[in-house]
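One chain, subunit A, appears in both complexes that follow, with subunit B as partner in the first and subunit C in the second.
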Partner chain A sequence: MKIEGYNLDFFGIPGAVPALHATVDAAQWRETCRRAAFDGGRLVALWGCDDSDIGKGPAVHAALLVRPGLMVITLPVADGRYPDVSDIFPAAGRMQRAACDLFGLVAEGATDARPWLRHAAWPEDAFPLRKDFSGHQSPVSGRSGEADDYPFVQVGGDGVHEIAVGPVHAGTIEPGHFRFSVVGERVLRLEERLGYKHKGIEKRFEQMDLLQGARLAGRISGDSTVAYAWAYAMAAESATGATPPPRALWLRALLLERERIANHLGDLGFLGNDAGLAFGLAQFSCLKEDMLRLNHALFGHRYLMDVVMPGGAACDISADDIGRMRSECDALEQSVALLKGIYDEHPGLQDRFIACGRVAPELAAKLGLIGLAGRASGQAWDLRAEYPCAPYGELEVRMATHRNGDVAARVTVRFEEVFESLRLTRLILDRMPLGELSLPVPPAAAGAFGIGWVEGWRGEVFVALEAGPGGRIRRLHPHDPSWQNWPLVEHAVLGNIVPDFPLINKSFNLSYSGQDL
Partner chain B sequence: MPEFIEAFLSQLAQTLLVVTFAPLMLGWVSQCRAWLQNRSGPGVLQPYRVLHKLFHKDALLARNASAIFRSAPYIQFGCMVLAASIVPVVETSLAFSPAADVIALVGLFALARVFSSLAAMDIGTAFGSLGARREMLIASLSEPALLMVFFTPLLIAQSSSLTTIVDALAHREFAIYPSLAFAAVAFVMVLLAENARIPIDNPSTHLELTMIHEAMILEYSARHLALIEWATAIKLMLYCAIGIALFMPWGMVEAGKWPMFPIAAGILVAKLALAGAGLAVLETVSAKMRIFRAPEFLGMAFLFAVLGMLTRQLLGA
Partner chain C sequence: MFQLLKQIVKTGIKTEAYPQADEALRAVAQRLQSEVLKNFSGALTIRHVDAGSCNGCELEINALNHPYYNLEGLGIKFVASPRHADLLLVTGPVSRHMETALKRTYEAMPEPKLVVAIGDCGCTGGIFGESYASCGKVSNVIPVDVAVPGCPPPPFAIMQGILTALNARRTPVPREP
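Moving on, here comes the complex of A and B:
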């Protein structure tokens, strides 16, 4: 199969996502990326793999978004070196650094070659995701004892000093280190250092079969469990050729929208709280808590874990449940509209939100900002609207977009998405088809490749899966939208004052666990 | 009973009253805030529980902490207790009153602040210096405003002693002074800034980058932290007491009228409860300002205080 403009032989990847796959050489690797960027495409994910167990060498994969859909390109790299693409897609930088830490694959020509996920917790010459690295040996036992002296970029000048924050914070939040270079209160530069939550999830997947993997996939990033579980299920179904029954798909969409609403409600509360309006937190927390309790009552889990499974869904709903969710929607819509009025008309709050942490649409486009934060900066992109998989094709999702790119815009997008998700929830409840809930998943052929791609509340979650012999997972790469968006936080905070950083950071609310893996 | 013993007893009683019940006042404000946010809240006794917990912990000090860091909590607590002994809360015969006037009171608050800032910078952490820097920014603007606030009642009473001011306002012929209204508005604004309340600072935040007062005490633990927390509570109580003494002193007992003491105490409790609830309302309806809005806010306070003084001087009102 050919795509116009690309001189490559593509094979279609079966499944719910329109996707093509091609193997390239080093020159084509860069050429394809450049062509995709020229056409307005984006880099969705970049990951390495080690095929030494099937008699091949290591390889790098990239998933690019082009007009016909997803394009996955694979570059076999026998000598462990491949050409850098971070000059074409800046988001690739950290993904390449992670691939270097985990596989020893070096992006030649990359300007930043510092480690990313490796915090001196395992020796420099050990590569945890290579097949010859046993997942059972504790990385700590092989600890080299070297000091973890990460070279941060230094900013010089009169009166410039550094503020180091984290990874242990005053509040109970996930670990991340932020190095501010400031003059007085003004931020000249922010550098993030993440990877503190690296726990070897990808290696763990390789010890599992397709069904066991579903449980782990739902735990990659706890606040996006439905998005991950669905993307995983989609990848598993794509690799095995299974088609889940319609009722399961509608149920998954229902769960995904519930997850989106719950997270947006929580974030809206915290955004008010971070600006000193604790009233907002109390109100939104009540709404979120009610929702989580209903989740527990209907689906057996507050955060909806283990409901989406490859082949279908694990939990059905009755007519009575539908009634409960419908009345919940009505109550939520009323309360959220009331609270939106209070937020919108609170001068102190708006003063904090407006023009704070601005990411201009041009910058967002250049650096590849995606998801909710992208939509607040004019990146009109929502998987549910652009490449709708069932059942979103029938629902006609209305995308919420803004161009200001400040905290206020991200707040507004959240409010609008809550209302839209409530509308979608009602539609789904009205049209939920009857029928079977789940079909058995046939065993995957060794070497079968599948991908999943779902618009979670934070942005698009991507999962690439390759099956091994005996229905096991040979390689699985889950990709969080935070990979693309974390670098933008560094830009958003420039020129702002230090005490505004927590508010800006919260307005993005990116995942640590999902990208540290 | 000889007069000086009486004055001394009254002094002791009033100081103890403020020091003992200051955490209760803080608890009351927090409880009101919780109610206003639809939360049940931890109860008004929570600050006592916190103090109890902190006093029973082992103190941890940074290796490079100097004597300033170790002594600062005691100096802060001492300053606040001393300040408590020159602010009349129930009765106007205070033994220490002739020794220190309102100007000295401002000085005492400043002394406590200087030591807390020095201690914050002593350890050399980024947050300590950051907090100290912001605290000094706020203080450099709020202290002049506070002095200006005091000048209006001072001009009315022709004295800078708080007890004399209270006697003049409460126990002479009843009069309404419009100039005091301006001063009162300015005083409330200064109170919010000086006590690290919303909209200037957020006492309940966990975001270290936004803190002012909290950033300065991040490295303290156990009894040191307990003393600082207690001193903070006393300071809030004192500010409320000063506000009451200057702007609604009615109900306070004149020197020597012992039988009226319980009634005066009851009136004080009612006024403090009202002040605490009012503070909670203010804090609930406002968001925290950007730090560079604080100069505007305090500039406004200064302006109101000056207006009050001008009203008094030019119009005699």
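Moving on, here comes the complex of A and C:
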């Protein structure tokens, strides 16, 4: 199969995602990326793999967004070196550094060759995701208890000093290190260092079969468990050729929207609190808690873990449950509208929100900001609207977009997405088809490749899966939208004062766990 | 402002009755002695460390401070520094990259250094287990007093774990919801 503008032979990847796959050489690798960028496409994910167990060498994969859908390109790299593409897609930089830490695959020509996910837990010459790596159970380096020395970029000049924050932060949030270079209170530069939560998720997948993997997929980033479980199920179904029954797909969409609403409610509360309005946190957290309790009553889990499974869903709803969710929607809509009025008219709150942590649309486009934060910076893109998989095709999602790119815009997008998700929830409850809830997933053939792609509340979650012999997982790469968005937080804080950082960071609310893997 | 005040009055008090301590959760029964308890004077400060969780447990810990659970109403407060903390709340399997930070946080705490491990991962290493990147359960790295299972444990279970660590020093007064 051919795509106009690309001189490559493509094969369709079966499944719910419109996707094509091609193997490329080093020159085509860069040329394809350049062409995709020229056409307004972007990088969705970049990951390495080691095929030495099946008689091949290492390879590097990239998923690119192009007009017909997703394009996955694979570059076999016998000598472990491949051309850098971070000059075309800046978001590739950290992904390439991670591929180097985990596989020893080097992006030639990349300007930043520092480790990203590797701190001191394994030595520079050990590569945990290689098939011959023998460190499954125990530490490989005796130095795991030491802090390593990471070469942060230094800022010189009169009056410049550094503030080091983390990995343990002052509040109940995930660990990561932030290095601020400041003059007075104003931030000149922020450099992030993540990877503290790296717990070997990708290696762990390779010890599992397709069904066991579903549980782990739901725990890559706990706040996006439905998005990950659905993307994983989609990838497993794509690899095995299974088609889940319609009722299961509608139920998954219902769960995904519930997850989006619950997270947005929580964030709206915290954003009010971080700007000094504790009232907002108290109000929104009550609304969120009510929702979590209904989740527990209807689906057996407050955060909806383990409800989406490959082949379908694990939990059905009755007519009575539908009634409860309808009245919940009505009550929520009323309360959120009232609270939106209070937020909008609160001068102190708006003073903190407006023009704070701004990412201009041009910068967002250049660096590839995606998801909720992208939509607040003029990047009008929502997977549910652009490439709707069932049942979103019938629901006609109305995307929320703004161009200001500040904290206020990210707050507004959240409000609008809550209202839109309530509308979608009502439609789903009205139209949910009857029938089977799940179908058995046939065993995957060794070497079968599948992908999943779901617009979670934070942004798009991508999963690439390759099956091994005996229904095992040979390689799985889960990709969190935080990979793309973390670098933008470094830009958003420039010129702001240090005390605004918590507010700006919260307005993005990115995942550490999903990025650190 | 009128809308805001009206909403506060309309919402009223949402705090629910507190759970009782559950001795079954205690990992090391003898650690808490009466002279230790005296130091708390009816108030407890907590420092939370995420040592590598999926962030599910953090959602539930955050919920503790919300109006329904109102942990501060019990005299239990989250603090920003381990030097101010009586109790350490640890979530996640301990990733090897967080091992040092967790140990240093523990060392920075004053005695009696109570530790409550939260969630299946904190109790056993959970689905992530032990590997090149994960030390597994919290007690592999620092001593643990109380371990609260669950994935994630709901706020009431976490409260119960904290109250178990605090022991009978302060008898919770059940309130009408």
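Miscellaneous remarks
We take it that the second predicted complex is superposed on the first by the 507 of 517 C-alpha atoms of A that agree within 3 Å, B and C clash if a C-alpha of one lies under 4 Å from a C-alpha of the other, contacts with A are read in each partner's own complex, and residues count from 1 in each chain.
Definition applied: a contact is a pair of C-beta atoms (placed from the backbone, for glycine too) under 8 Å apart; a residue touches a chain by one contact, two chains touch by 3 or more.
Computed from a prediction, not measured in an experiment: that's the story for all the values here.
If you count the residues of subunit A touched by subunit B and by subunit C, you find the higher number for C. After overlaying the two complexes on the shared chain, residue contacts for A:Ala282 are found with subunit B and with subunit C alike. Contacts of A:His346 after superposition on the shared chain: both subunit B and subunit C are touched. By the document's definition of touching, of the two partners only subunit C reaches A:Trp122; subunit B does not.
When the two complexes are overlaid on their common chain A, residue A:Thr111 makes contact with neither subunit B nor subunit C.
In the superposed model, A:Ser318 lies in contact with neither subunit B nor subunit C.
In the superposition on chain A, A:Val168 makes contact with subunit C only, not with subunit B.
By the document's definition of touching, of the two partners only subunit C reaches A:Tyr196; subunit B does not.
Annotation: subunit A residues 170-172, 279, 281-283, 286, 346 touch subunit B in one complex and subunit C in the other.
Residues of subunit B that touch subunit A in their complex: 33, 36-39, 126-127, 130, 198-199, 202, 204-211, 218, 284-293. On the side of subunit A, the complex with subunit C involves touching residues 119-122, 128, 133, 135-140, 144-147, 167-168, 170-175, 195-201, 203-204, 215-216, 219-223, 225, 266, 279, 281-283, 285-286, 289, 292, 296, 302-303, 305, 338-339, 341-342, 345-346, 511-513, 516. Contacts from subunit A toward subunit B in the complex involve residues 161-165, 169-172, 185, 272, 274-279, 281-283, 286, 346, 348-349, 351-352, 497-502. By the touch criterion stated above, subunit C contacts subunit A in their complex at residues 3-4, 7-8, 11, 14, 48-63, 66-68, 78, 80-82, 92-93, 95-101, 103, 105, 126-135, 151-152, 154.
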